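Please find one structure pasted underneath; my questions will follow.
We just call them A, B, C and D in the order they show up, numbering each chain from 1.
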Amino acid sequence: MLTAENLRKSYAGVEALRGVSFEVRPGEVVGLVGENGAGKSTLMRLLAGTQRPSGGRILRDGQPVSLASPRDANAMGIAMVFQEQSLILNLSVAENLFLGQDGEFVRHGLIDRRALRRAALHQLAKVGLDIDPDRRAGELSFAQRQMVELAKALALEDRVDRDLVILLDEPTSVLEQAEIDLLFSRVRDLQSRASFVFVSHRLDEVLAISDRVYVMRDGAVVAEAPASAVTPADLHQMMVGRGVRTEYYLESRQEPPRSDVALAVRGLGQQGAFRDVSFDLHRGEVLGLAGVIGSGREALIRVLFGFERPDAGGMEVEGQAYAPRSPADAVARGLGFVPSERRTEGLVMTLSLGANITLARIREAMTPWGLSRSKEQALARDWISRLGIRTPSADTPCRNLSGGNQQKVVLAKWRTAGSRVLILDHPTRGVDVGAKEEVFRLIRDLCDEGVAILLVADTLEETIGLSHRVLVMRDGAISAELPAPAGGKPEQVRIVEHMV
Amino acid sequence: MTLWRQVPGGLIRRRTLLQGMAGLAAVGAMGRPARAQDMPTLVNSIRSLSNPYHATWNQGGEAFAAAIGAPYVTLVTEGDSEKGIADIRAILQKTGGNAVINVDPNDAPDARPIVEACVQAGAHVLTQWNKPADLHPWDFNPNYVSHVSFDGVEYGGRTAQVLIDAIGGSGGIVALGGILSNTAAIDRRTGLEATLAANPNVELLDFQVADWQSGKAFDTTSAWLTRFGPDIKGIWAANDDMAIGALEALRAEGLQGQIPITGIDGIQTAVEAVRAGEMTATVFWDPFWQGAMGLSIPYHARTGTFDPAAEPPEHREFYGSATVVTTENAESFYAEHIAATPQLDFEDLWGRVSGQIRQS
Amino acid sequence: MITLAAPGPRLRAALPMLVLAGLMAALGLAVPGFASPATLLLVLADTATLFVLAAGLSFVIVIGSIDLGVTATASLAGVVTALLLPGWGGWAFPVALAAGLLAGTVTGLVHVGLRVPSFIASLAAGGVVGGLTLWLSDAQAVTIGQTDRPWLDWVAGETAGLPHIIVVAAGALLLGWGLQRLTPLGRFGLAIGASEPATVASGVRVARYKVLAFALSGLFAALAGIMLAARLTSGSPTGASELLLPSIAAVIVGGTAITGGTGGVARTAVGALTVSVARLGMTFLGVDAFAQQILFGVVLIAAVAITTDRASVVVTK
Amino acid sequence: MTTTAGKGRASARLWTSVPWRALAPVVVLAALCIALGLAADNFATAGNFARIATSAAVPAVLATGVTLVILMGGIDLSVEGAMAVAAVVAALVLVAAPGALGAVAAAFAALAAGAALGAVSGAIHVGLRAPSFMVTLGTWFIGLGLAVWLVGGGTVSVRDSELRVLALVRLGGLPLSVWVALGTVLIAWVLQSRTRLGRALFAVGGGEDLAAQSGVPVGRVKVAAFALAGLCYGLGAVLAVAQLGQGNAEIGTGRLFAAVSAAVVGGTSLLGGHGGVLHSLVGVLVVVVLSNGMILLGVPPYLQQAVQGLLIIIAVAVSLDRRGQGLVK
């Protein structure tokens, strides 16, 4: 039993948690939902010992405890699987599993590697992962890494003599459906040994796995209910304090695409990744790309944007041959790319909003006398008001913006660059519910303007809801093409059957 | 005991350092007028205090300053010409030109801006070792008092001759040079080559550069032992540090004392090696004299003992006399110059003039 | 663990300037006459070469790389100037600058094209340039004769008590500042230093701008080499070699992060003055030569500890 | 974005399954040795190999130290300063306390001096969160200054001290110093691969914040690494003093860049997390064999610097694992 009583936390005078009470019972899966900034992550950090509360207390089986470090939390049987990938890629799986805890394998001052390996195999078996513990973490797929992280958290049960509480902070955001299913089945298997706190933006998932759900808003718990008693729509309403728009993906704004082809792909292939990929992307069209990790869609979009080169086939942009040697070539031909790794590839986080907006086409901020800050700021202010970016000023570094607002800055960058073909890679990842809707609206706006969009989305639902057509990839080839006109959207199962 | 004789500055140093620190801490107390208002500040500007040659130079300066009771400052360039010049300008600024400066310029070209700065500030300056060929004291009367050098060509050649005599006038030798572009390194090599030209039976097997460092000389000599083996009859080094490096490379293979080695500079370890018969010769410039008399000469010009303009050219640009230390005179030399504290007559300004510097 | 209160960004940006001002004020109080215009001109003149070298280096440090070859390039430019002045007159200067530009470009190409870490690429390229310089100069300092010295007046001369070298350095500052503030190069440099992947993904031709940063570093180094040669009326093949560490120190003490992404030429000017004032200040204070290196090390660490922006970096390497 | 497994080409996968990149420095070393063996008759002789080993002893110990810091993604520029202090301390103790006991005391004093300076660097780096590059630049100056001050600028001759057995007594044809250096590399290798501290170095190099999250005491690890590096510089100083028979402040001159180059040539990444002391040993051998070879071949002095620069670029260019690293700084 883990209990939080009236927990408070403030950062520089701003209250992030305003008296949260929270309870995890043995063997239970507790869902925790809320918009970004609602205080979920702060609550998790306090429970995991990475930060300390400003007020209130945490009790473990009825006894107040002080969690000053992750080590303290571990000693209390609490472990966290972090939202960001927290494996160290140059270390082996076994070393990652016992990082910071390898003292128990020391014999005569040296690490007993055989014992470490044995222990690692034991932990990996718990999550059903059949990999060599001596492999480097960097060689694993994202899903495998997530499983290793889970195993790392579960390894705690051998060290502490009590039931475990595992905190899962958005564990599914980088996983594909099949992998999520695997993770969930593991969580259910392990319920006898541990209780879980499950944080996610995907409300249907939360309801599918949880026994009980807490809803947070503005630093406080606003609702608590058995999962069986609520629907995603209920949760959403509680989170944002208003009803879900019946038309989540703005289907009524989906106009038929124009006839002219923006991007044509013919027989494109890259050895070992994908082969014989052909499609046309029209102006004003959203083309969804579905497929599990390893289906080749990531490699495909990297080739389309010039990060890598194909071995076979060709491409045309607006009727002219297109063979990019670098992203710069892609941008010069009117392509834009909204990456899934927004923090590393999307924005230069330490630069101002204005500087990021002009990064892809700096001449918009140039005058005959050189780069003009005032011109740049005027441009940035224009986008701030058009896209509703919430920021103190155009001069604010992007790292100070919320995820949704950062994503709007990325879109503003490509619109400034005049991109006519946009590749959106998980555009709503790490974006809260309210901001998601704004992103959807922006996508519809782009279509209205005739921009062609290639979409790789977080969920199948999102892919189907937003796209005009869905291309399904399996094992490096296109396995199906399904039309998804407004009012005639395909069923998810029809797509899944082509994916696996 | 050896230690304190070797580094007589050791204990004093610690005190002066503490004074320096204390002075910095009590920063407000600094900068009060000097005790002797009219006494010029004596300045030695040298490369670094981390080599024994310049450390002894500095002791000479201290001894002279103590003898006449004048304030004394050491400036180090750390091999950076810009820093050397900047520091001298700073000291001229600070003293208002009431200074006597003895400088071993980091590189020959540095001498011109230094001399010009001293002339402008009204300080008296003496340069040693390095100066451009077209810069002459008599063009800057009376402030640029003299330039003192030692004939690197002559002594480079003389050590080579001692070496050749030691190997019996024929056979192969190898040579270790200093930093390629360095004036002293060039002169000493020129002397070596002149001597070799006069001894056609001696072959220069290889010339390598060890940047004045003993560590590099060690590695180079090791590689030579592979390449030439017993063909190496002698090793000529452009300074003592490299000679010591070569000696230790020989010792590592048990060959010390079997292959003659010569160095230049006369540092204590080299003189001891000559005494022990492991080195054949070195040249003693007497840095104590350079540090002391390099101040004494311009000091006496400043105080009016003599008028530089009236002095003959051989007192304005002259070679100092140096001592070639060989196995024959090593014992007496050691007793006189190293075991005992050096005694100098600071008034004997021109006693070591051995001729006017050649105009090449 | 010492925790320092995190100052606001504005104060943070001004810290290097405050350190310099504090140092100057302390010296002004401690040494009568230090605060005189003559002394200040002296300090400026003696900082000029160091600053120009460090200014070029800051283009490279801003993108998160390092150029250890700048001093070799400066020496090369000095030697080229000294060699060419007799025959070519004023054309020697553009040729020397071009040589520096070329050396920097080649370093950049090795770093970017072969993907060799800049620490090693520039160290090795510096070795090659150094060898070339020794060969060109026949391994000795090349004296600039009396007849050619009027050519050096634009650096070594004085007008109404103002040393020209200060004007040259100010020009370099203006040029560097303009390049960083008014051209895409400056913006892209900051972006590359702060996040290279994001800059690549924004379609910026990162390789080109990285090479350009090294080319500029070479160009500025060449100017520094010419200034050095003009002051010494000779070009020495190893003349600038000891300026490397002070110039790196100048860049960092000015507040440019060694990891890149912040800072620039204007800050380097403050940093160069700080390094220079600290060194000359010890001479003015009469700090014992034996203690100077220790104190300089302490001052360096203190200045960096004060000016390092800890707010924006999670990890300090 | 997926950047690792799963999208390499099939043939490329086969090719990369052999760790060519990791082996490249060894291949470079072997190629260099074969080329020199063909070009210079006496290169491949027992005597020459012993000389190469002797010349490599000090650089190997220094490179080992600097590698421990580089593995964490930091850099240690204080090599020459730490060596200077340690060498001078060793020499002073030797003079004050002659005999075998004095030699042992001198060695320990030097190791302690090196470790202390390293610990100071580490403590300042961690405590003030100042970049290691600048902190160690500062301690470089401080170390040199201390050394100069301790001996008043002179050289302390220890020609006849017992410490010199390290350089003068041979075992199996090699001076003891070579065995000491080898032992040091081996101990460091065990430390690096088999101890908690060693693995923590890799963890810090791979992701300092993540390591801290997992309970790795990052601050202590860093201070320990800098202190151990300092210990290595102290040992390097002892070996150099034994080799040259004197201690002075200039004993480390020029050794920093050689040590860092060797580490990188050996395949240790300056970004941290990849490589190790065995890599650095290979790198040291590449550099030492090259300078030995250039003298055997009679390469003119002014060309040696340039040749070495070119070969370092080539060696690093062929051995860098570019696929593993997104960026090169």
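FYI, a residue touches a chain if its C-beta (ideal position, glycine included) is under 8 Å from a C-beta of that chain, and two chains touch if they have at least 3 such contacts.
Since the model is a prediction, treat every value here as computed from it, not as a measurement.
Asks: Show me the overlap between the contact partners of chain A and those of chain C.
Replies: Intersection of chain A and chain C contact lists gives D.
Asks: Using the stated contact rule, I'd like to know whether A-D or C-D comes out ahead in C-beta pair count.
Replies: Pair with the higher count of C-beta contacts: C-D.
Asks: Just give me the whole-number Å value for how far the CA centre of chain A lies from that of chain D.
Replies: Here chain A and chain D have centroids separated by 43 Å.
Asks: Taking each chain's centre as the mean position of its Cα atoms, how many Å separate chain C from chain D?
Replies: Measuring from centre to centre gives 29 Å for this pair.
Asks: With chain centres defined as C-alpha means, what is the inter-centre distance between chain B and chain D in Å?
Replies: Those two chain centres are 34 Å apart.
Asks: Which residue numbers or ranges of chain C touch two or more of the other chains?
Replies: 134, 139, 197, 290-293, 295
Asks: Can you list the chain B residues in contact with two or more other chains?
Replies: 13, 17, 49, 58, 180
Asks: Of all the residues in chain D, which ones touch at least 2 other chains?
Replies: As it turns out, chain D has residues touching two or more other chains at 144, 148-149, 152-153, 302, 304.
Asks: Where do chains touch, given as pairs?
Replies: Every touching chain pair, ordered by label, is A-C, A-D, B-C, B-D, C-D.
Asks: Which positions of chain D touch chain B when the two form their complex?
Replies: Of all residues in chain D, those touching chain B are 40, 42-43, 45, 47-48, 51, 54-55, 58, 84, 92, 95-96, 144, 147-157, 159, 167-168, 175, 240, 243-246, 248-251, 253-255, 288, 291-292, 295-296, 298, 301-302, 304.
Asks: For chain B, which residues count as touching chain D in their complex?
Replies: Listed in rising order, the residues of chain B that touch chain D are 2-3, 6-10, 12-14, 17, 48-52, 54-56, 58, 177, 180, 206-209, 211, 213-216, 218-220, 222-227, 229, 244-245, 248, 251-252, 267-269, 272-273.
Asks: With touch defined as at the start, can you tell me which chain C residues reach chain A in the complex?
Replies: 178, 181-184, 186-188, 190-191, 194-195, 197-205, 261-262, 312
Asks: Along chain C, where are the residues that touch chain D in the complex?
Replies: 1-2, 4, 64-66, 68, 110-111, 114-121, 123-128, 130-132, 134-135, 139, 196-197, 245, 248-249, 252, 257-260, 290-298, 300-301, 304-305, 308, 310, 314-317
Asks: For chain D, which residues count as touching chain C in their complex?
Replies: So the residues of chain D in touch with chain C come to 72-75, 124-135, 137-146, 148-149, 152-153, 208-209, 219, 257, 260-261, 264-265, 270, 272, 302-310, 312-313, 316-317, 320, 322, 326-329.
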